[in-house]
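In the two complexes below, chain A is the common chain; its partner is chain B in one and chain C in the other.
And then the complex of A and B:
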């Protein structure tokens, strides 16, 4: 049995935990100890062999293991202590940790500060009411991912996937690449649960049938699954029995949600926000228990590993500040005196972090999700009198987080900030490809209006010329990769189908288009406030202001 | 090569195993054959394993006429007919009563001997209306007559609410309380019985389905199993749901069986404190019982809603949405309104076979087939696991009557040591066990805190499947239902059993977890992508 005092203990070594440990060490804490239950550092990144990691924070397109390696190399460089195959079995509010380790047996650590970075677990099919039998061949997408990518085994060859979360969509592609046949991705909502780019790159690109507003109600088969019953559901989630059909399959994968793993947090008495399923945290990622911080998916399920890493850095820095002797400022969400509580307003499902210290100096990023897909909205943060943040979005969806940057300077006497998402009374820009003549007035006026120079490279709208057919596509820089094809997979111009998804790479932040030269800032269309200039100046009528019905 | 033995027990459920252990107290060569890869996987897996305090048959049948019970079984639900019901005397019904009487106190003793967790949580049969009181009264008379009325007392509403503060006061008027009644983990009991039987000389053969039985001139039987032939003098048919099949092989099917489907769901252990005892009540319709309760482990999840009903096919273990809500959830929520669907982590279903003698009552049949000497059929729907000791003794008595010589086995050891539960021992004990075996420091199941060492021990003691490990040490029973530990348990099984991963089963024959190594489907010409 070992008992020791440690300045900072980080529980979990996924991107959040690693980032926290690195930042804490860089901020001057010598004694940082990572506790990881797996056989290696990196958490679930190791099984994510696909790319798309690090686009924002490293400006590179890395695979999961590559991203993990960047952080692990840093850990080794800094000489941070880590214990593998170490499972924390107890944690209390006084920051005493009990863990079990192969070499050291039972470890009792008394930590000056703790960073919780335990990530999530997957929801099971029992929790979403899939009935029938309980045979082999039914597993969650993450477990299947481990089998395929880490252990090298296929769970089956004719697969149905229930749920269109990111993991489910990624696995649809993965299984197809391994030679299995994905018979269907079944989603009960009218839109996919994960990122748009995954819907495009994993499902549509591989011609996998996507059934929106459908669900699986029953599993058939005794020893091994033989099929599922799929049924259409209406807006309220009620199944229409007349549409029941049987799909024969030998595997069912579940991608029906992630639940932050807060067992240890609860043990310590940390208060959880039911909206995020994670702890209430301040902007410094401190929970309601002084000295216990949290970051990564254990706080809320983030979309991008970049956000996870940044949350870890904040937690690490804050924990370091605490350990180095400054006052701890744990925030209970209801205490109004020293902190501002952040609330989810209209059309916003949750906000994270949920409170901000009144005396902050730097701007704070609040991550939110909207409650349903909406077009042409304004997201604002205010206290009912005055909005201190406002931004227009052409399209928002629950599957993609929105980052609201609260300007520190504008926080005056606020006690509470409500972040809401309101539909704009007006509209967006409609593009009629057929009419575009390639005159490029729009490029000129956009760059002139925003940068005082006529330079197409600085324009948020570009005309892409297909040389073979001599067709011009106007493309507007949208929120993420969602440039134009928010609902279309292809565009028909003069009777010929063009795969609009080829346009995505053009609009993606790391590609040369829509990037401010010299600064590498992405260019995003802001509708010029209320009255887009490109529409005003369009000579051919290809760009028009859209009303709801037209879209 | 034909294996020679004296007694063959067909069926490795709790009854078969208890019988094997009972017989191993004597110098008899015993073989037990089980068709699945592990013991305790048929009817046994769907029991609630609690001490018997009241005959559930009363709540099942209501007060209807016994004649035409078969019709009632499939008939419409309705109010019971209050007039003129008395149980007729029938040797099979009487046997069941006598077994209940003999089983008092046996389970606590057995669990202690075998180091299986047993908790005296207390049982409450809840009365929702005055018919239920009438039934309870009848039930207590039955209990007194057969001698299992230990500690039962009728309680009024006030006492019930004190005992169960979370129960819905508008729905209950009182009940029957048995403070000493306990409950135990039937899976662990099965594996412990199997180990103890093996220690005492019993041969337990799994993956050995009996396909045919021949009767020899000399009076012996030859059992043709999936793994070879067995010549045996006596046969005990404890094959549960397939009992009729085995009996039919020698035309010894002098009984009729019906199937009851049992379904329940398991709730997250964080709602554990809702129910303080094991609570049972009548379900919405006749022939249904709602069962809400704590299981034997203090840490374990709450078992909910053991609803049983007729009209189902033998191996139909499906649960439908309607069944789940109507028969399990809604009746339970009627009594405990704070239960929510969000707390469900798993659903389970299974079936019981029960015997319906001419009297129409629920009986027990433990007797030799009239036309086939030395072939003993065992059919008893309930009590099952809670009376396994008593039933095993009755089987032994029947075999004795059939001429099986019973010379005491002086080397019989009733004690077995259970697998150390890492989550329950002290830190000092943990350090000690890790020092001896570092595999105990490597946590595999996070939800239930199960280290690799425990899993290896489970495999050493007979687990060959993922669920076999789960049943012995709880890995995979927690809220993630094996999402995290599943691949690791599979890997450990593959390594310890020297079997390729694609051959590891989830539970029964044919339930492979993995299909191929990856890239297998991409071999030349095989993929159409």
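And then the complex of A and C:
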């Protein structure tokens, strides 16, 4: 039996584990050991042959294997030690690890710090309660993905997919491309669970039938699945028996959610958050047990590999700081009373990390998920008296995480932060005539932002001067409208014809002024993606982004 | 020709109604988009939609039964199935490095199908 002391052990070698190991090594820790249970590094990335990886962190559209390759190359370049086919069977709070490996047998590692990066597991039919028999041909979407993309087997020819998570939708496309027929993608909720781009590029592109507010209630068949019973569900999730219908199929794929894999964390005594199903972590990705860090999907199921990689980098860096601090006898004071807890408020399902240190130097990113799809919302973080963060979003959905960046400078006065998401009844640019100095900076920045030239006649905001009272007042071209009325006419904006109601220009004497010079095109304010430049650059405070919350 | 496009630029997911001139193939009118980004997206989607194809090809003489591949440029959306059928007959042999072509100029589209991981024996 091998027994040795190591500075840092990383359990799992998916994107989170590899990023943590790389960052720790780069931060000056020599002895980093990766333990991986499969026969190669990279985790699940190898079976995710689709693209869309690394858009944020590498600014490139990579596939899963390419993303893995970049990280693995780095690991080899830095000479990080890794053990494949190694299963960790024990982990305790003193960071003693027992692992088994076919070549080395049982290994005992005493680690200075541990990074948990075990990832997540798919929810199976046992956890969603589908009635009926248990024949062959019922499998999770990720298992099917491995069969098709790695092993080279097609699990079936006529497939029904239950759940519209990202893997489910991506598998619908893969199966169709490989010659199988996807008969239905069935989703209980009135909206799809995954990203919009997957709904469009995987479902609509291939004309796959998508049944929202439907579910599968029964599996038929003995040796092999022969069909499923599909039924409509109402808003409360109750099935309407009258709408039952049988779909004949030879395969049922389940894409009904992912659960962080925390058996080891529980063994070590790490406290789990029931909302994220992962450990409570601080902004340094440290769990409730000092010296044990967690990152990636073991903490909470992230949407994008970029978020996973960033969480890994933070964990790796913090673990390195801890290990180095121990050696130089200059350990940071323990966490505890000095930390601020972060809570999920209105319309927010969970937050991660759940606490941050009072003494942070850099801004901290908090990942949140909202409870339902909403439009025009304000996401804010505050202690009840004062908001230290506020941002307006035109749309949020539970399928896409929102990143809340907590400013470090304003943090110290708070004991608890609540992040909430509130619907806005109205939002627009508020104009305070009295404060306008007539500097016309807004005109310049608007035309520059939309047309790349400083030309006030191309701006969607104009400053008028009332000579009698000597008052300047800004006027904004009305925002986009798709109102339909009987007196329709076409308005051309940037070469494209828009349907627009013709009444407003008739009623308003100012509106015809907003025309692009030399053309017939009228100009309209598009709010610059909810962060209007005119408001940002208005130094006198005449223009403010105004919101009115729903009661 | 009228077409409904769901914009994927942001989470709003505007349902855009785009009308295309049948004779010229140009975008005639557009309705339902909430920002300028939707205009260029809808234009591309109704005139010449393109997608990057990612799939696998069969290997010969390697411990990996399959090699993951992608098109190095986006392919016309309508050609995806045809390209897939063509790739069913492609067999690759090691050694092949990541980024090297598994099939060149597939179906005369000037698009190469490249390996997304290295293939060893």
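As a working rule, the second predicted complex is superposed on the first by the 415 of 551 C-alpha atoms of A that agree within 3 Å, B and C clash if a C-alpha of one lies under 4 Å from a C-alpha of the other, contacts with A are read in each partner's own complex, and residues count from 1 in each chain.
Convention: a residue touches a chain if its C-beta (ideal position, glycine included) is under 8 Å from a C-beta of that chain, and two chains touch if they have at least 3 such contacts.
Nothing here was measured: the structure is a model prediction, and the numbers come from that model.
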Of the partners chain B and chain C, which touch A:400 in the superposed model: first, second, both, neither? second
Look at A:161 in the shared chain and tell me whether it touches chain B only, chain C only, both, or neither; answer first, second, both or neither. neither
Would you check which partner chain A:463 touches, where first means chain B only, second means chain C only, and both and neither mean what they say? neither
Which of chain B and chain C A:124 touches, first, second, both or neither: first
After the superposition on A, what does A:1 contact: first (chain B), second (chain C), both or neither? first
For A:228, decide between first (touching chain B), second (touching chain C), both and neither. neither
Tell me the contact category for A:65 with respect to chain B and chain C: first, second, both or neither. second
Quick check on the superposed pair: does A:421 touch chain B, chain C, both, or neither? Answer first, second, both or neither. neither
For A:204, using the defined touch cut-off, is the partner it touches chain B, chain C, both, or neither? Pick first, second, both or neither. second
Doubly contacted chain A residues - partners chain C and chain B: 148, 151-152, 177-178
Complex interface listing, chain A residues touching chain B: 1, 37, 85, 87, 89, 98, 100-103, 105-106, 108, 121-122, 124, 126-127, 129, 131-137, 139-140, 142-143, 146-148, 151-157, 176-180, 217-218, 220, 222-224, 250-251, 263
Taking the complex as given, what residues does chain B use to touch chain A? 265, 315, 317-321, 323-324, 341-342, 344-349, 423, 427-428, 430-431, 434-435, 438, 441-443, 446-447, 449, 451, 479-481, 483-484, 486-487, 491, 501-502, 505-522, 526-527, 529
Touching residues (chain side chain A, partner chain C) in the complex: 46, 49-51, 61, 63-66, 68-69, 148-152, 174, 177-178, 196-197, 199-201, 204-205, 375, 393-397, 400, 450, 480, 482, 490, 494, 496-499, 526, 529
Under the definition above, what is the set of chain C residues touching chain A in their complex? 6, 8, 10-13, 27-36, 39, 51-52, 54-56, 58, 64-66, 68-70, 77, 80-81, 84, 98, 116-118
